[in-house]
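The same subunit A turns up in both complexes below, where it pairs with subunit B and then with subunit C.
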Partner chain A sequence: MYNITTDIKRLSFFLILIGLVAMAYGFFQSLTVVSDDKIKSTVKKIAKELNLEYKSKYKLETKEEKNIHLDEFDQLIENSEEDSKNINNHQKEDYSELIYMVEKKLHCHIDPNHVHTVSDVVYAAKHYFHAKHQRPWSSLLISTLFFLMVSVAATLWWALQYVAQAGWSALLLRIPMAISSFIPYAALILIFIIITAGLHWHHTFHWMAEGIMDPSDSYYDEIIANKAAYLNIPFFLIRTFICLIGWYCFAYLLKKYSLSEDKYGGGTKWYNKSYKTAVSFVLFFGITSAFAGWDWIMSIDTHWFSTLFSWYALASFFVTACAFIAIITIYLMYNGYFKELNNSHMHDFGRYLLAFSIFWTYLWFAQYMLIWYANIPEEVTYYQERYDYYYPLVMITLMINFLAPFLLLMNRSSKRSKGKVLFVACLIVLGHFFDVFLMITPGTMHDHWHLGFVEIGTFLGFLGFFILVVFRNLSKYQLIQKNHPMLGESEHHEIHIH
Partner chain B sequence: MSNKIIYGLFADDELLLDATKKLVSKGHRVNEVYSPYPVHGLDTAMGLKYSRLAITSFLYGMLGAFLITLLMWYVMVSDWPMIIGGKPNFSYGQNLPAFIPVTFEATVFFAAHLMVITFLFRCGLFPGSSSRNPDPRTTDDKFLMEIHESDSKKITEIKSILKNSGAQEIKVKNSNSELLEEFEEKRKKEKNKKKIRSKKNNGLLEKFFKIIGKNPKKNE
Partner chain C sequence: MYRSAVRKPLITGKKDLHDITVDISRPIETSANKWWWSLFIVSAMAMLWGFGCIAYTIGTGIGVWGLNNTVGWAWDITNFVWWVGIGHAGTLISAVLLLFRQQWRLSINRTSEAMTIFAVMQAGLFPLIHMGRLWMGYWIFPLPNQFGPLWVNFNSPLLWDVFAISTYFSVSLVFWYMGLIPDFAMIRDRAVKPIARKVYSFLSFGWSGKAKHWQRHEVMSLVLAGLCTPLVLSVHSIVSMDFATSVIPGWHTTIFPPYFVAGAIFGGFAMCQTLLLIARKVVSLEDYITMTHIEYMNIIILVTGSIVGCAYITELFIAWYSGVEYEQYAFLNRATGPYWWSYWAMMTCNVISPQLMWFKKLRTNILFTFIIALFVHIGMWFERFVIIVTSLHRDFLPSSWSMFSPTFVDIGIFVGTIGFFLVLFLLYARTFPVIAQAELKTIVKTKSSKYNKN
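Here is the complex of A and B:
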């Protein structure tokens, strides 16, 4: 029996406090946003003062280009390159003053490299404030999704032990059970985010924007309008509820059978029930995890699509769930619980972390390489954005999520040591937070991204909440399932050299 | 003094493991064990060194990665640069993602195949090699322990340990082939006996009981 310590409570409350402060700061910042109309009128006013014409040359040029024969294409490229060079050199000085004045008046930041006309200044300023408004919401979504999917993936891990009839893990099945108890909390926050997105409080899901599917609207986007049959708010909510309620029910059933086994014992009766539930959960999750990946993450980059994406996201969450289970187990071992566990159990955790880190890299690379090689404009934009603005973070993510576990856990003896497995598990949690950050932020904040107090603070707040819920649940029930039929196998678990 | 080989035959892997532990704790060295399946914990009990096969696997993998990189660089970049998917192959680094799958496959191919071949040669299992198993019963249900020793005092000590720990047969020979010859002669005799017996008595049930009587199982 485990009892939650005051240290854990203090730590989690402290982290929750950080999270609340970070979110309050983020939402306060997002309130100071300047409206689109005001931006337009201010920029127009300043442009008039500086004698700059408010029109978009950019659009006129693109219209002309459309009706050009293919033979003249090379000639055209040369001409247009020269033209644009001349235009840029000639007009950059003028715009720098405009940009400076707009920045000073509206308290924003505009990248001068993307400005070719006055309307570009309006566009850039609008984007800046959209991103500012978006920042707390997307950091909330990142942390919610991270911890929701980790607790669901831990349930999957738990179910897989039954499906595979694994013996080694029988001692520590209460840990994924405790993690699965976080599902309802994160699910409620996710539903809140989705409903507020539907009410246009924020602009996380681009396809929810008003008028985007209306041909008469200036905001009309044909590609997104063609996806209306799948991407509409009622159907989206139905899918969300099916996923969340289904996962919660399966986690509840597995928990119920596990506790009944403690209470009534009796051979393999409850084990078989858990087995059947676990098999149905794995089948259910196989389908719903695809919807989860498409809906909550991939639909943020609405134009883009990848058939592999849901698996890639699932691999990310699953390896994080393994890392969390390993971290909690090792923490309890350091505090004198789980005396029956030996370094062969650590070996298995090390294998899980190594194998699924490689699996994650495999899926990441499989998705990246095909898109890189084919170089189709509608697909390549996803990586274009990430490589232009997020390149250092992408590389750090790859280092932490692939190279670190690969090199640190390759050796047999390091897989069998508690400290090294704990270290790599912590690295993996960090690396996959970056990974989820890279899944969501480029689609919502584009080049105006931050990885600062709001994002990290929100993550820490969720971490505190997660720790509090998980350890409360761990201390509610017996730490070891005393009537599990494979308990003896788990106690005598040993991996031999061959 | 001549080198002698002591053989201890066991019917149970637990007994074999106990005998090994006893012998090692008394300072003797168990040179070889023949068993029909891998016995858990025997490697550590025998004090076997960690296999160096993994190191060869790493070296072979590196070799494979290097060779295939050389091949791809020569074919795709140096000798005849080809433009595939709108990507001019003027440098290896810029097109690295395209070369990774092949590098991976070649690494695995070299590591796996060369490691298996190394393993077979290290065990003396090259083509045309003969079996080195001195007692064919170890491919069925028996476990044979082989101890090389020249000191006659130690030989008697080892024999007593083997006897106490439940060995079925204990033999001292000069070489493996001697034991094998003995075994084959014995088998021939038994075959002849069986032929005579089966001519005398065709009752299957009686035969069954005789076999059971001959092989009493331990009730441990």
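Here is the complex of A and C:
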């Protein structure tokens, strides 16, 4: 029996406090947003003072005069480079004063490299404030999805132990059970985010924007309108509810049978029930995880599509769930619990982390490489944005999620060491937070992204909440279940070469 | 080693160590029966017909196939991918199931690895004869430049295929052969005829069964298993990239690598199932390849079949969701165009029929298992045909739309490779230990019904 310690409680309350402060700060910041009309009038006014002409669109007169259909592609690139140099030189003289004054007046930041006309200043300022408004919501969605999907993936891990009739893990099945208890909390927050998005409180899901599917609206987007049969709010909510309620019910049943096994024992009756439930859950999750990936993540970049995406996202969440299970188990071992676990169990955790980190990288690479190689405009925009604005973070993510586990866990003896497995598992949690960040932020914040107090603080707040819920649940029941038919195998677990 | 009460015995019929030796060397030490001979003759005839068709192709040129300007790839690549896919189960069983400590693999790994090697040999034939000038075959390797200004295109997935398949073939061959050494030594020690003794003595590399030999053997097995594991994913991923790196609608889709891997395991296990069901009957290995083994393999077929089914539906959905008209048409054309029958043959055999395995009665029925495995072969062949031919035959210009129909040469070469494959397998079944007996003996004390009282 495990009892939640005051240290854990204190830590989790402290983290929750940080999270609340970070979110409050983020929402407070988003209140200072300047409206689109005010931006336009302010920029116009300043431009008038500076005697700059306000044109609604940048005209490419000079470009049109030139013959654009040159035989040699290189020639074309050279010309466009010259053009952009000219434009840059031109605008730097003309617009730096305007940018400076607008920035001072509206308290915003405008990238001078993107400004070629006065209307570009309006455009850039609008984007700045949209991103500012979006920031706390994006960070909320990142942390919610991260912890929701990790809890569900931990349930999947738990179910897979039954499906595969795994023996080694029988001692520690209460850990994924405790993690699965976080599903309803994260699910409620996700539903809140989706409903507020539907009410246009924020602009996370681009396809929910007003008028985007209305041909008479200036904001009309034909490509998005074509997806209306799938991307509409009622159907979206139905899918969300099916996924969340379904997962919760399966986690509930697995927990119920596991506790009944403790209580009543009696041969393999409860084990077989758990087995059947686990099989149904794996089947259900195999289908619903695809919707989860498409709806909650892929639809943020509404134009973009990739058949692999949901599997890739699932791999990311699954390896993180393995890492959390390993971290909690090792933490409890350090505190004197789980005396029966030995370094062969660590070896299996190490294998899980190594194998699924490689699997994640395989899917990352497969998706990236095929899109890069084919270079089709519809698809390549996704990585273009990430490469233009997020390049260092993309590289750091790959290093933490692939190179670190690959190099640190390749060796047999490091897989068998508690400390090393714990270290790599913590790295994996961090790296996959970055990964989820990269799945969501570019589509909602574009180039105005931050990874600062709001994002990290919100994540820490959720981590505190997660720790509190999971450890409270761990202390509710027996830490090691009784009467599980595989317990003996888990107690005597030893990995031979074969 | 402690075992849970829910584990079933993997060796039935109360076998001990000596029984295993006797049972496994029996097919080698006795002569073949009528069934073996008749199957061998039929396969050999098919093989010879295939060789004739290959000779005709090389002598005349690949114009003798049914290819045309629009459909430049058809049966050749379909057969190639089909055979490579079949070869996949061997590595999965020997490497991945080893990693997962699945001891039931010990009764089937030898045969599935043999199947891998024979299947990859058939696969390798197709790119070679597709070149037309077989004697230039070595140009696919990045050899130094003295042949002129030609150099292999490192950007081409076809070249990656050359590396992937040749690595796969060599590693599988070495892994398979190293496992065979102690078993060959066992046969050598029992051999009474001088020629057999000489041959098996040569094949067993002077194995003496010393502790040092065993120690090195185990370390080497582990290293080779480590090398094999990434190959399970890499080989078929690279095969899928032959298509997915292009911009052809229906070919370019990011799910291809993992979905091809799942499909390959699916098809490979079906072939394993087919061969093992015959082998256990013909050389009476029912006590080693038990109903438990058959059921486990059926479950893998069910799981991978469902993954493949999910991938089909995902492709269909994303084609609509993408809003790209070409992509949408490619899938509409697959399902309702002139090749609709091949699409629905694929769907029925790959997605619908394996779902029957959910019923325990059906998945533990040998005849039913055998039939479903044959369905899977058909379905997996049509899957490649659908991907390749339906994406090509109606290309971007409607004026060049066309159809593909195979000639007798196309059919002859395909049937020939099946014959060749069976000839190799039948020869193997009579001269090689079809079960890795040295490894199997390590679990006798825990998994044989003689010692295991569960």
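Methods note: the second predicted complex is superposed on the first by the 464 of 498 C-alpha atoms of A that agree within 3 Å, B and C clash if a C-alpha of one lies under 4 Å from a C-alpha of the other, contacts with A are read in each partner's own complex, and residues count from 1 in each chain.
Rule of thumb we're sticking to: a contact is a pair of C-beta atoms (placed from the backbone, for glycine too) under 8 Å apart; a residue touches a chain by one contact, two chains touch by 3 or more.
Since the model is a prediction, treat every value here as computed from it, not as a measurement.
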When subunit B and subunit C are modelled together on subunit A, clash or fit: clash
Touched partner set for A:Ala374, first subunit B, second subunit C, both or neither: both
Which superposed partner A:Met333 touches (first subunit B, second subunit C, both, neither): neither
Superposition-derived comparison: subunit B or subunit C, residues of subunit A touched: C
Which of subunit B and subunit C A:Ala290 touches, first, second, both or neither: second
Partner chain in contact with A:Leu451 - subunit B first, subunit C second, else both or neither: neither
First (subunit B), second (subunit C), both or neither touched by A:Pro485: second
Residues of subunit A at both interfaces, subunit B in one complex, subunit C in the other: 369, 373-374, 494, 497-498
Sites on subunit C touched by subunit A in the complex: 1-7, 98-101, 218-219, 221-222, 230, 233, 237, 241, 244-247, 252-258, 306-307, 310-311, 314-315, 318, 321-324, 439, 442
Of all residues in subunit A, those that touch subunit B in their complex: 365, 368-369, 372-375, 494, 496-498
Residues on subunit B engaged by subunit A in the complex (per definition of touch): 38, 40-41, 43-44, 50-51, 85-87, 97-98, 100-101
Contacting residues of subunit A [partner subunit C, same complex]: 164-165, 167, 223, 226-227, 230, 268, 271, 283, 286-287, 290, 294, 305-311, 351, 355, 358-359, 362-363, 366-367, 369-371, 373-374, 376, 378, 485-486, 488-489, 491-492, 494-495, 497-498
